[in-house]
Amino acid sequence: MSSALLVEQLLNGLQLGVMLYLMAAGLTLIFGVMGLINLAHGSLYMVGAFACAAVAAWTGSFFLALIGALIAAAAAGALMEILVIRRLYGRDHLDQVLATFALILVFSEATRWLFGPFPLYLDIPAILQGTVPLPGGSRYQIYRLAIIGVGIAVAIGLYLLISRTRLGMRIRAGESDREMIAALGVDIRTLYTVVFALGAGLAGLAGAMIGPLQSVQVGMGEPVLILAFVVIVIGGIGSNRGALIGAILVGVVDTMGRALLPGVLSGLLGPSAAATTGSSLASMLIYLVMVVILVFRPRGLFPAGS
Amino acid sequence: MITRERLVEITLVLLLAAVPIAAQLLNEPFYLTLATRVAILGLAAVGLNIALGLGGLVSFGHAAFFGVGGYVAGVLAIHAFNGTPMLLGLPGTKLMPFIWIVAILVSGLVALGIGALTLRTSGVYFIMITLAFAQMIYYFAISWPAYGGEDGLSFYVRNGFPGVDTLKPLPFLLICYALLALGLILFQVLRKSRFGAALQGARQNEVRVAATGISPYRIRLVAFVIWAMITGVAGALYADLNRFVSPAMLSWHMSGELIVLIVLGGVGRRFGPVVGAGLYVLLEYWLGGITERWQLFLGLMLLGVVLFARGGLIGLLAGKPRHG
Amino acid sequence: MLLEISGLTASYGPVQALFGVDLAVAEGEMLALLGRNGMGKTTTIRALFGLTPASGGRVSFAGREIARLAPHRIAQLGLGLVPEGRRCFPNLTVEENLVVAARPGRWTQASVAELFPRLAERRRQLARTLSGGEQQMLAIGRALMTNPQLLVLDEATEGLAPIIRQDIWAALRALKSGGQAIIVVDKSLSELLPVADRCTILEKGTSVWTGKAGELSPQLQDRYLGV
Amino acid sequence: EPIKIGMITTLSGGGAGLGIDVRDAFQLALKQAGNAEIELVVEDDAQKPELAVQIADKMIQSDKVDLLTGIIWSNLAMAVVPSVTAQEIIYLSPNAGPSPLAGAACNANYFNVAYQNDNFHEAAGEYANIDYSNTFIMAPNYPAGQDALTGFKRYYKGTLAGEVYTQVGQTDYAAEIAQIRASGADSVFIFLPGGMGIAFTKQYAQSDVGIPLLGPGFSFSQDVLGAIGDAAVGVKNSASWSPDLDNPANAAFVEAFQAEYGRLPSVYAAQSFDTANLILSAAAKASVTDKDAFRAALKEADFASVRGKFSFNTNQHPIQDLYMREVVKEGDVITNKIIATVFTDHGDAYAKDCSL
Amino acid sequence: MADPVLSVTGLSRSFGALKATDEVTLDLRPGEIHALIGPNGAGKSTLINLISGALSPDAGSVHLGGMDVTRLGVSARARLGLGRTYQISSLFPEFSALRNVMLAVQARQGSSFRFFLPVMADASLRDPALSLLDRVGLAARAHVIAAELSHGERRQLELAMALALSPRLLLLDEPMAGMGPEGSKAMTALLAQLGHALPILLVEHDMDAVFALADRISVLVYGRIIATGSVEEIRRDPEVRRAYLGDAA
C-alpha cells in the first residue's frame, strides 16, 4: 500500500471513529450518570436520522433539518425518560435491558408505521458536497471532514460541561448516590431528564449527520449500537475521554483491518480465499481488541473517576 | 405448607402437561411445536437463571453457547447423513444422547476458555466482553463457508433417540419436557447447595466472599461452565426442533431474547424461565397471527410487564421470594 | 416551633418501623434524638427528608406541611442532612462535594475550612480516598454549605477521633448560639447532653419521652438507653 | 377447488420494504383474478430464520396450507425450504434462489419463479466484457455474496482490479472506496443488497471517484432508488425485469400496481406477481390435492409473465432473458430503463447437478 | 515470651505524595488485645488493609504465625486464619443473619464445591452458626434478612462472621462505631471474653472501650507509630494527648 493510501485510510479510520464517538458520547453519558444500559440508544439515533430526512424533504434545508433532528431526538429522549426510564433507575441491569429492548421494538415499528417501509432520502447539503485533494493525489470528502470537526467540538463541549460546571458536578454526584443528592436539595429527577435528553440529542445528532452517508431506514441504529457499546467499554464507562479515544481506536483498527488484512493474507491463501478470510478476521478484529484490552484493563482504558 | 409460589408452579406443570392432550383433542398439532419451543427456550433460560439469578452474572453472550450447541447437533447430523468424517476423522452421529454429550463438552470447553478470561471483569464490562466473544463466534459462523455460513445448515430430518420416534412431535416434546425437568431440578439442588450459597454470596458481596476465603472467581467460573452446558443442550434441541441451525442462533438478539424470557418470568425464581418462555412464545404466536405490527404490541406488553410486574410474572402471581 | 412532627408513621415495604413519633424543634434550639440501636432514629430522619415516605402523621416546617413533598423540595426549604454512614460522593473531590449543592449564606468554603482544616488540605482529593473520619467532616461541611435553617446530624461524631469530636461539639455549640436549629443523633451521651437543649427518646418506633436535656435522669437513661 | 396459500415474508425491520412489495403484488394478482377459492395467509418472519421455520410449521400443521411462498432471503429459504418440501408441501420462491437448491439439493416440490442467485451477476459479468477489462468487484462476506462474485466471474473475461468482501450489514465504505480509487480499475461491480447498497452508492458518488458502477438489480431496485437519489443515476444494473419491459402483461401490471399502491413496482413485486399468476394458471388445470398433477401444471408455466417469456428448466428454476438496465431520472421519479439484452433463454449453472 | 501471631515489619505504603503508612513495625502476641489508635486519616484502616491483603505494600513484610504472607491475596490470608471486620459493615444483604454466618462456616470448611446437599439441612453448618450468633447476642434475630438489621446488629453479625472462620487472630476496624452505649458495653464484654483466646488488633475511637480492653496500645500519627505501651503509659503520654486524645483521657 502506498503511503498516500495509508494516510487516506488513517483519515478514514479517524472519521469512522469520530462518527462512533458521536453515538458513544450520549451512551456513555447516560450509562455513566444513571447506570442505565440503554439498548434503545440506537433508536434515538434512528429518530434523529428520520427527523432529519423528513425536515430536509419538507424545508429543503439540511441545517434546519439538523436542528429538527436534535430537537426530535431530545424530545423523544425526554419523553422516554419520563414515561419509562425513570422507573428503572433503582432496578438492576436486567430490567433495563428488557425495557429498552422492548423500546427498540416499539420505536422501530412506530417509525415504520409513520414513515412507511422504504428507506428515506437524505443527502449532503450543497455547500459540504465535493472533495478536497489530499497530498499524494487522492481526494477526501469535505462532509467527512466536517463530521470530524463536529465530533471534536462535541467532545470538548461535553468535557467542559461535565468537569467544569455545577451541572456536571451534580451529574457525577448523582452517579454514585442519587438519594443523597436529592436530600441536599438538588432536583435529581429533572436533572436526569435533562441528561437523558442531552444524551438522546447527541444520538439524534449522530444519526442526522450520518444519515446522508447511509441508508435512513428502520433498524439502522442497531449495528452502530453494538459498536458504540464496544467503544465505551474499551474507553471506560462514563468517561468522555475514554469514549473519544476508544472510538478512534475502534475506527482505526476496523478500517486498517479491512484495508490491510486481505493483502497480508493473499500471499498465503491466494486472492479469493484471502478476501473472504481477511474480511472475516477484520469483522472479528475489534472484538478481539476489546477482549485483549479488558483482559489487561478490566475497567477499560480510562476507568471513570480516576 | 403450600406457598403461593408452589401453587403457581403446580398450575404451570399441569398446564404444560395439558398441552399434548389439548393438541390431540383440538386436532392442533402445532400446539405441540409451540410447547416444545417453550420447553427448549425455558431450558436455555434455566441455564441462564443459574448464572444470573444465583450468580448475578449478567451476560450478553450466552447465545454463543446456544449456537454452539445447535451447531454441534447440525454438524454431527450432516456428517452422519453424508457419511463423511469430521475433524480428527471422527464420525458424525444422529443419536441425540451422543449429540447432547458432545454439546455439553464443547460448550463447556468454550465456556471454560471464555470464562477464564472474562470473569476478571465485572458488571457492565462483563456484559460487554461476553458479547464480544459471542460476536466473534457469530462473525466466524457467518463467513465460514464449510457449514453454510449465513445460510446456515439444514439437516432435513430430526436426530433420533433410541426407542423413540422423534420425527413425531409428541415424543420429541416429551424428550424436551424431560430435559427441562432435569434442568429445573438441577437449578433447585444447586441453589440450596453449598456451591449455590457461595455463588449467591459472591453476587451479593464479592469482597466479603473473598475475605472469608472463598475465591469468587473460581465459583463463578464453575457456574459459568454449568450454565454454558445447559444452554448448549438447549441449543442442540433447538436445532433439532427446526432441523436447522444458523448464525442467527449466535446473534446478540438471541442473547437478548433469552434475557427477556427470564426477566419476564422472574429472575432467580425456579420456574421463572418456564413462565417467561411460555409467555414470550405465546405472545409471539398470538400477536404474529393477528397483526403485521405485532412487534409494536409485543414491545408494549414487555414494557408493561417490566414496569408494573416487578419480579416478573412469577413475582406478580406469587409475590416476593422468600429469602433465607 | 420551627419543626413539628406529630404521629409520624413509616414503613420499609411491609416492615413498619415508625409507629407514631412526635417531636418539635424551636429556632436556635438543639434537640437530641435518643434511643437504642434499631429504635427508629434514622428512620425518623429519613421520613423527615422524604427519603422513606411517611405513611401517616404530620410534619410541619416553618409553618408549612412538608410530609408529602419530594426530598429536594424539603431540603430546599432549609433542611440540611448529615446522614448516617457519611455518604460523601466518592468520585467527586472534597471541594466539589462541598459546592455541589451549596446555597448562599454564611457558610462558605472558607468558613468550612476554618472548622475543618483537614478538609482544606485535601481539597483536590477524591472523597472515595478519604479516611473515615475525614469523610465525616466532609459530610458535615457539605450540609453546612447548604446553609440550612435546621441542621440534622445522624451519628454526628461517629468514627471521629476524640480531639476532633471536641471540635465538633464546640462547633455545634457555636452554631446553636448563632441561632441555628439542630437535631442530632449521637451515641456519646456524655458529650451530647451538655450541648443539647432538649431530648426526645424513641422506643420501638414511638417517641416515649421528651424533656429538657438536664432532666434526663439516670433511671430514664437506664430504662431507654441501656446506660 | 379451494386453495390455501401461506406467505412467509419480511414485513418488519430493515428489510420490510421487499416483503411488502412481494405481498402487495401477490395480493394484486389474486384480486385481479377474482378467484374466491384462493385464500392467502401472510405472516412476518422478521428476517429471522428460526422464526420462519416456526411459521412454516404453523402454517402446515395449523392452517393446513397447500402451498407456501414469500421468502425474500436466501438464508431463510435455506432454513425453510428443505424441511417444507420434505413434508410434501410445494414451495414457490418469489425471490431467493440459493445455489444448493438449484443443484444437488433440488426438489420436485420446490419451484423458483425468480432466478437462481447467480443469474443477475452472470449477466453483469457478461455485459462488463463489452466495455471493460479491469473490474473491481465487491460483495458482503456471506454465501449469497460469495455466489454473486462467483457468478460475475463465471462470464467475465477481463482481469480483476480487486476482489473485496465486506462485512454483512456494514454501513461505512470509506476504506473500500479508497481502495477502489487506488486500484486503477476501469469499472466497479458491487453486490450490496438493502441498506448496504444505499450507503455504498451514496458514499461512492459523494467521493468523486468517477469509475463506472455496475451491479445486480437488487441494489438498484425501485424500493431503494428513492433513498439513494441522484447518486444512482447512470448506474447500470442487471435484472430479469424492468418497469419499461415491453409486453402487454407488464404494461398492465405496472399500471395496476401504481394505481393500487401509488408507487412503482420493484423487481421483487414483479416476481411475486408472476408467482401468483403461475399458481392461478396451475389451479385452473389441476387440483392441489393431486400433487403430481398440480406439479406438472406448475411446470408448464402456462401464464402471461410480466417478464415476457418464462419457462422452467429441468431443476424447476427459470429460463428467462436477462437485461442490462440503467438508472434514469424521469421528472421527479428515478427508475430503470433497459439498455441491452444480455442473455436470452438463460438457465443456471447448477441444473446439471439436479437429478430431477 | 511466646512468638507473635502477627508481625509487621517496616511496612510502607504511599498514595501519590502521601505516605499513608510509613515504616510501621508492630506485632500481636497470643492472647492479647492490641489497640491501634490515632487521629483521623492517620493510616489505621490503610494498615488494616495492608495486613489483610486488600492493599499491597510498597515495602516491608507481614508474617502470620511465622509465615511470610506479604505476597498473598485476601482469600489466601483469610484461609490462613486472618479474620477481619470492616469499618463499614459488609454483609450478604439478601441472606438471613443465619445464612450469613453459615456461609462463613462453609468457607472455613473449604467446601464450596459441593453441589448437591442442601445447606439448610446441614447440621455441620447450622449448629456452629447458631452458636456463634448466640455468642454475639443475635440469636433472636437469626432469621432476619441482613438488609433489615439495624446498624448495631449488623456490627454484631459482622463479628459473628469473622469468628466463624475460626481465625487465629482478628483485625477489628471500629467495631463500636454507631453502637449505642448499651451495645458498646455488650461488645466490650464480648471482646474482653474473646481476647483471651484470640488475639485482636483493635482500631477504635471509643476510648472507654479501648482503655477497658487493651493490653497494649500503639498510636499512629501520619502513618508512623509514635508510641506503644500500656494503657497507663499511653494515657500519660503528652504527645498522644496533644495529637489525639485531647481531654478525653
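By letter and in written order, the chains are A, B, C, D and E; residue numbering begins at 1 in each of them.
One rule holds in what follows: contacts are C-beta pairs under 8 Å (C-beta built on N, C-alpha and C of every residue); 3 or more make two chains touch, one makes a residue touch a chain.
Quick caveat: nothing in here was measured; it's all calculated off a predicted structure.
For the pair chain C and chain D, chains touching both partners: A. Comparing the centres of all chains, each the average of its CA atoms, the largest separation from chain C belongs to D. Each chain gets a centre from the mean of its Cα atoms; the one farthest from the centre of chain E is D.
The centroid of the Cα atoms in chain A and the matching centroid in chain E are 48 Å apart.
The distance from the centre of chain C to the centre of chain E, each centre being the mean of the chain's C-alpha atoms, comes to 29 Å. Separating the CA-averaged centres of chain A and chain C is a span of 44 Å.
In terms of their C-alpha centroids, the spacing between chain A and chain D amounts to 34 Å.
Within chain A, residues 108-109, 276, 279-280, 283 each touch two or more of the remaining chains. In chain B, the residues that reach two or more other chains under the touch definition are 139, 142-143, 145, 293, 295.
Chain pairs that touch one another, listed by label: A-B, A-C, A-D, B-D, B-E, C-E. By the touch rule above, chain D contacts chain A in their complex via residues 11-14, 16-17, 20, 141, 146, 160, 163-167, 169, 171-172, 174-176, 178-179, 181-182, 194-196, 198-199, 202-203, 206-208, 223-224, 226-231. Residue ranges of chain A in contact with chain B, taken from their complex: 31, 37, 39, 84, 87-88, 91-95, 97-99, 101-106, 108-110, 113, 226, 229-230, 233, 237, 276, 279-280, 283-284, 287-288, 290-291, 294-295, 298-300.
Remark: chain C residues 12, 15, 35-38, 42, 84-85, 118, 129-134, 136-137, 155, 158-166, 187, 189, 225-227 touch chain E in the complex.
Interface of chain E with chain C (complex): residues 15, 37-45, 87-88, 148-153, 174, 177-185, 205, 207, 243-248. Only residues 49, 51, 70-72, 75-76, 80-81, 83, 87, 89-92, 96-97, 99-101, 103, 126, 128, 142-143, 146 of chain C touch chain A when the two sit together in their complex.
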